[in-house]
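Note that subunit A is present in both complexes that follow, paired respectively with subunit B and with subunit C.
Now for the complex of A and B:
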């Protein structure tokens, strides 16, 4: 398979994609909720850089606009909202230890491999980014799933959802960089609304339960 | 036509704004008015869509027979639910009561607006946006009672549905990619473009996108194994919201899957999407039937019944017979009417006896002279008893299965539906038909509200019409929509 772009471009974008995956790993195992949040902001920043990089190298003006909007939203506003929530809640450590760090990391590696090779086996042609970035983005999505499912506190679960969206963003840069800007903005607007509602429910949950843990959310069964 | 579509998109939004700022009484009236107008507008669209095939405004709005089939029950439940809420919602006194009713009425209109938008926007991308909006609004409506249980249900719902829709977005992006190989970059994912070009889409990518769409949107439809939020949210939401979630929202999400189905069958042939839906459908139906048997909480019972019916829809789509597809589409409409009626009845029970536990209620039919019998009828309708609409639709689905030589699947379908029938009727008939306990403990005879009776009556009348003699134009519309889904 050949891509019409120089290899320095391929290398750089692959490296950024790998860094995004590494931040996802970091979030998955970070015990401090604040550091998890910082990692999320960093990851969003990396995704923005990738968008900017793509915009410059391929002269896609829409991607500049998209990059700026996603920077403001995902690097500034959303982390700020959650940060303020954490400050008010005065809880910094996730008391969740359903799995040890080692097994969590191993599990994350295993699903990454699955995601990577599944996508690799399907043929994609991309004029924008190397398709390896797509394989990595699938790994990001799967680890984000684990984060939302295995961690049992509301902040981690919300961050799991938000970082899943980062993975989808990379995938869309690889295979859908020509997507009309209006639609991209609609997606981001939705993300904003969803994170506001996530924040709202997190606050309600904390006000009721005096904890961020979801361990006690077991009343509804059967 | 243009005016009708714009009115459908604008009116609920206006109603929502008015409900936010006006008094409770005005909000009630406006909601009922807007709901009824929306339903009438949907009816008005039927002959126009039959004549013109489809219509679009710019690249934003688009209605064709398939979307109209889903629009009719959504708009109907909008009107029926606003009538029901007028009688059901008890306003606590004081400023908190005013705030509650304001949030509720505005949210109800906004929720219906988002569902209507999902059905009239053009293209997979806008459809995704609209469905995501339905999720956030309905999650807030689930949490509106502000109890621990409601918060828990809302959190689970929001998290699971958002993760699911993340997968749905991935599916949308892959369809964009496959379309770009044919249509070029910067196309807007509009339905007509996608359907025209889909025969040349790369097969592997379309297959991947379809499976992702079924898992992703399936989260909101209630497919096993991502159905777990559904009974919680349905049981803890205020009853009008439960009715809308169950009767409309699930089928709106199913509509999204059908759009992917259309593209996939044109690209890779029918067999693949049908097999995927058959597997999800059977697993979903099996789980729902098993849970139905031991369910005593009336709203959870109805929630599992919704999961059951979504499983039936998926199985029906897996039969390659036009009659089965026709049955599926009729089922969507009939299910909305029946589920609306059943949830309104459950609301009436809840108001009367202050409990959702069926084992603690006796003498329902005597104490609720109108809604009691109607509730039993709605439950029988849900279990596919004649002469109601669901009997006709399930009959057509099973017949389609036999016609297309899917004998095993059709037989399994019948067995599981029968199992679900036992589960659904066992406690309900006991509750309703056994005489009331000691008069000291039981409430007095009478209906909580006339509005509830009216809303349930509407649902049952609709069900009987659908079962005995569906209007000719509706049948034509369903045939057109079934043709859209059938590539011969």
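Now for the complex of A and C:
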């Protein structure tokens, strides 16, 4: 089996996409909410780098604008908002350990394999980014789902949703890097709205339950 | 003199000798650098050699109830460590006469045999700390094994062979081979394997004397005299062998001799040692910047290494990356 060697451009962009996936795994495993948040900022930064890399190599000026806006929004503002909430809540450790390390890692790997396989069977040829980035973005989305499902504290669930958006934005770069800027910006403002809503929900939940855990919500009836 | 050609068998012997004689030097220099990072003066660079000379002249004590296994294990381990340099690119870019008698996995098996025999000797002493170290070393050895296998798989599917030489040649061939994720992830995973197998900080404190935290070091607590010297020498050689595999197969396979001319072999020896010392410095910096993981957290570290190795194979196999 000899597949052709990918070009340096393909290799680098795949590598950045893989790093995004690795930060997703890191968030999935991080016990400290603060380090989870830091990983989210790092992941958003990597997505920004990928956008910038794509903009330079393919001369797509819209992507510069997108990169700058997503940097300000996802690397600076959103982490700041959640960080301030964490500072006020004075809870730093996510206390749930529903699954062991090995099973969590294996589960996340299995899920990302599913992502790889499904996207790989589509045979999508992109003009801008290698197809492998699309596979990886699907894996990021699925692991983000897992993060939001398995971790039972509000901050992790919010971060799971936000990082899901990072996976989607990589996918959108692969599928439609020439997308009109307006649509991308609309997506980003959706994210801003989502983070405001999440901030509000987290604050209300913390004020009512005196904890970040959502386990007591599972027991509600009616 | 520069055009003098050496016989391949001689070059091969020089490969083994480089590992044999260079290993204590690399350990000494890295220990000195590590001491400098901590603001200490540290031992002399040649201290590991003096230690070996001293130990060889000391008497050998054998614990009660232990058998010939206790004495023969250090020799088996030492011979294993002398065999592996025949199989891996230490000084040359091409396989020497005995270089093709085993692939990467073969080298891994021989290293595992060495680790097994030392652990067996440790268990045989019936001393608590040696047994503790042996059992831990085997446990974590088994947990790191899947990672090693996946790194080998990654190298195997990238080059379509299982020879370390062709992996190094592939890395040298172009920049696009270096930045591809399959290669970077496999190299990172192997870096973590080396960190684990050489008993470095996130896993084990390298220079500690606290028995409860010991893994690899604990196994040899009952040995003394010449067998202990062989074990110490062996562990220095194992470290240099692993460094060599990481450097000459995955990270920086440059500066190797591409022919059997005397001058290129003579250049390759210091090139390898300098690269190994640079890598050792990286490990010393890691030693200084992180704390040791709790014993039960080591599995998380190993799981992360496995994740990298498995992703490397996946990205290659499904994405062509």
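Methods note: the second predicted complex is superposed on the first by the 212 of 222 C-alpha atoms of A that agree within 3 Å, B and C clash if a C-alpha of one lies under 4 Å from a C-alpha of the other, contacts with A are read in each partner's own complex, and residues count from 1 in each chain.
Keep in mind that, in the parts below, a contact is a pair of C-beta atoms (placed from the backbone, for glycine too) under 8 Å apart; a residue touches a chain by one contact, two chains touch by 3 or more.
Since the structure is predicted, the reported quantities are computational estimates derived from the model, not experimental observations.
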Combined model on subunit A where subunit B meets subunit C, clash or fit: fit
Touched partner set for A:57, first subunit B, second subunit C, both or neither: neither
Partner contacting more residues of subunit A (subunit B vs subunit C): B
First, second, both or neither for A:130, with subunit B first and subunit C second: second
Which superposed partner A:101 touches (first subunit B, second subunit C, both, neither): second
Touching partner for A:183 - first (subunit B), second (subunit C), both, neither: first
Apex subunit A: angle to the C-alpha centres of subunit B and subunit C, given in degrees as a multiple of 10: 150
Which superposed partner A:213 touches (first subunit B, second subunit C, both, neither): neither
Overlay on shared chain A, then closest C-alpha pair between subunit B and subunit C (Å): 18
Touching both subunit C and subunit B, counted on subunit A across the two superposed complexes: none
Partner subunit A, residues of subunit C touching it in the complex: 157, 160, 174-181, 184-185, 299-300, 303-304, 306-308, 310-311, 314-316, 318-321
Subunit A to subunit B touching residues, read off their complex: 122-125, 141, 145, 148, 154, 157-158, 160-161, 164-165, 168, 171-172, 175-180, 182-183, 186-187, 189-190, 193-194, 197-198, 200-201, 204-205, 208-209, 214, 217, 219-220, 222
Complex contact set, residues of subunit A against subunit C: 1-8, 10-12, 14-15, 17-18, 21-22, 25, 29, 101-102, 105, 109, 112-113, 116-117, 120, 130-132, 135-136
Sites on subunit B touched by subunit A in the complex: 125-126, 128-129, 132-133, 135-136, 139-140, 143, 146, 148-149, 151-156, 158-159, 162-163, 166-167, 169-170, 173-174, 176-177, 180-181, 185-186, 188-189, 202, 204-205, 208, 231-232, 235-236, 291, 294-295, 300
